[in-house]
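Each chain carries a letter (A, B and C) given by its place in the written order, and its residues are counted from 1.
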Amino acid sequence: MTALIETTGVSKSYGDFVALDDVTLSIAEGELVSIVGPNGAGKTTLVNVLTGLLKPTAGVVRFKGEDIAGIGPVRLAHRGMARAFQLVHIFPAMTVGETIAVAVISQTHKSFRLFAAAAKDEAVRERVREVAAIFGLDTKLERQSRLLSQGEKKLLDIASAFALSPEVILLDEPTSGVSSGDKHGIMRGVVDAAKRAGVKAIILVEHDMDLVAEYSSRIVALQGGRVLADRPPAEFFSDPEIIAAIVGKMVGKLAKGA
Amino acid sequence: MTAFFDILLGGVFHAAVLFLVAAGLQLVFGVQKIVNLACGSFYALGAYFGITSVNWAVSAGVPPSLFLLVLLASGLLLGLIGPAIELLLRTVYDRDEAFQLLLTFALVLMFQDVLRYFWGATPQTLGNYAMEYGKLSVGDLQVPTYNILVILASILIAFGIGAFLQRTRYGRILRATAENREMSQALGVNVRWMYTTVFTLGTVLGTVGGAMVVPTAAASLDMPVELVVEAFAVVVIGGLGSMRGALIGALIVGLMRAAAISWWAEIEMLAIYLVVIAVLIVRPAGIFGKPIE
Amino acid sequence: MRIAALVVAIVVLAAVPKFAQPYYVTLVLPALAYSIALLGFNLLFGYTGLLSFGHALFVAIGAYGAAVASSKLGIKSFELVLLLSGLAAVVVAIPVALLSVRYVRIFFGILTLAFGMLFHSFLFKFYNITGGDTGIRVLRPTLLGEAYADLDKTTFLIGPFYYYCLALLVVLGIAMWRIVRSPFGMHLRAIRENPRKAEYLGVRVRFFRLVAFLISAFYCAIGGVILAVNTGQADPELAYWTHSGELVFMTVLGGFASFLGPIVGAFAFIFLKSELMGATQYWRFWLGAILVLIVVLFPRGLVGLGQDLWNKVRRK
């Protein structure tokens, strides 16, 4: 399997502090890889390197074979990777429909149309409706984002990332702030939508081990900036050392065995 | 040589006064994150009121040799307007920066006519008081003692502020609040009271600065709007929010201006704006400011 | 319904020279000029979220462009003057914008203020070129080739010139309306709301801000040309930072969150200022007080106030 996105020997230090130490991992088409680990293990740093936000101090990070070190969010989006954040990011004064439209327009390279009416573009409207429907937001297209509930804002954030038709999507704790009853529903919806939308791989950063166990094709555990384990869920959860090192330190229930 | 020394002295004197106003700006920005466009108005108010106070004092029998004290006192007295204005600014603390700027701009407009109402449109001067303290002889050079006194006073105030911020408990709390308002509040600091105090202190620095300058320059209605640009130049070069920045920035601007006036009058303010723009491009945080964005 | 109201407004404005005293008509001309300038200014402020305290710079370029073109280059055609001044503003705006859009909020404001004052200083000090504090004269241009030589200055201004400028406002207004409603405009709003998220959605934030800046400079220059032809003079005070402050004042007075707000603000401000100047020598004080009221009580400006009142009436 050729890797869609991969890091080779990536390290990141800030002066004396080593945030990432020789991290090598690769994610191929069709995979949903979860990155887990306690706070401070380097998840955020790794994610920032994977999404071209941070340049590693050593090592290489590639997306579709090309070096993406430090290319920044704009170029990343145009190359085909999208990211949804843990802390909800919305456009408060814009409606749900407009928010998704921003992504669609940027992705279809219509941004520089100065005189065409955005609201009248049927292709854009259709796509907006399509994406919104996946997340149950199609009835709320006219609502201002700031008036949505916290969970809805989260969904909108993910939906707008989806609207970029990315090949890889990185979800940063997508279900945090969502009530536990809905978590599975949302996760399933997102994974299904991703398949239908042509997303080739998902990177998931999660604390909820239930979700991780259920949906991952592989789990990468970080500790102290190093990769502690990189296994499919069955192996991951049946290894007592791994469980002791990682799972015990995290909030959330222990996953049941394979 | 004399010419050079004159420029140096003129520059440092101007810097001393500028520092006071800039320090006021920095304090208010540091703690309340507001850029006060009306700092020039306070300065002008201090200048006009200083003239009135000295004239009144002397006619009431106060010996002319005490005029510097009268100026200082009048500047301090004006600090009383600080709390009132801060109350007004309170309405926009939590709002977009644009509104904060606009509110202080509104104050500039209003102050313009307040000054005009009380003192009229013709520039006012303090006559010959600058020579009251005579001149000092340093080798071949003659230096007005007044200018030296002001420079010394400014240095003293600079040290005073520095000591206050670094050494006293209140100063530390102030710096902490500047870093993180919520945390400070959570720790029980009476932030409201602090804001009032800081703003008043900032106001006083401006009014005292204006009072100090009147023996050597006329108080005019152009002062408020002209000073803002210089004060901004100082805080940009020195770094927004930094006291040391106010000091170094004031020196740079003061000396540049003095040099420009002597050598090439046309480029006077132009040179300063160019430096401001250059600093904003090369090192937007200024010399001592914290990096932004 | 809104379009009907707009048509009525345009008809009323067109009727003004016929029915109102010349004095009032000469007030409407600057209001038209500022309306155009503020439409541009608000693209940058209201829609993109960047507050410039130096946009009077571009108004001044418009005015000086008109002055230099007519007095020194002998260009008579108003169309050509508009084009050249607008172009000059865009050319100057390029380096200013390139430097300024790297920063936001207060630094953007201070940087633009510095550029504005830099230009003012230049106008003031280099009096051999710029006429110093007296400025440069602006000669009457020809409108669509027609010189109207038989009309005296006032008749020209409140006659053909007035209608020309009203038409300009309508045309430029429609253009701005389409810009604001376009995908480009939508991206600007996204940038205003959350620049970081906009980046993650693939929006090139700095470039869009730059383009918005250039468009706003163009509009401000057009306004400056009209102002200069109206007064017959281009003077350096047009570039002073307090004039930039007035631009912001007018925009917020009308309402920066609405498309027509700036136009309402321009008219309201010009008339307010005129009435106050006639009533007292302390008009700046009262203008300042009104600004305080707006900022504290009516931040959405006159348009916002109108909308609130309309909603209240509708509910009853």
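Throughout what follows, contacts are C-beta pairs under 8 Å (C-beta built on N, C-alpha and C of every residue); 3 or more make two chains touch, one makes a residue touch a chain.
Note that the coordinates shown come from a computational prediction; the quantities given were computed from them, not determined experimentally.
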item: Most widely separated chain from subunit B, with each centre as the mean of CA atoms; value: A
item: Between the pairs A-C and B-C, the one where more C-beta pairs touch; value: B-C
item: Chain closest to the middle [Cα centroid of all protein chains]; value: C
item: Centre distance in Å when subunit A and subunit B are each reduced to the mean of their C-alpha atoms; value: 51
item: Centre distance in Å when subunit A and subunit C are each reduced to the mean of their C-alpha atoms; value: 44
item: Rounded Å distance between subunit B and subunit C, as computed from the means of their C-alpha atoms; value: 33
item: Subunit B residues touching subunit C - in the complex, by the definition given at the top; value: 35, 37, 88, 91-92, 95, 97-99, 101-103, 105-114, 116-117, 225, 228-229, 232-233, 236, 240, 265-270, 273-274, 276-277, 280-281, 284, 292-293
item: Partner subunit C, residues of subunit A touching it in the complex; value: 72-74, 76-78, 82-83, 89-94, 98-99, 101-103, 105-107, 110-119, 121, 124, 157, 160-161, 163-164
item: List of subunit C residues in touch with subunit B within their complex; value: 45, 51, 53, 99, 102-107, 109-111, 113-115, 117-118, 121-122, 125-126, 240-242, 245, 248-249, 252, 281-285, 287-289, 291-292, 295-296, 299
item: Subunit A-facing residues of subunit C, complex; value: 175, 178-179, 181-187, 189-190, 193-194, 196-205, 208
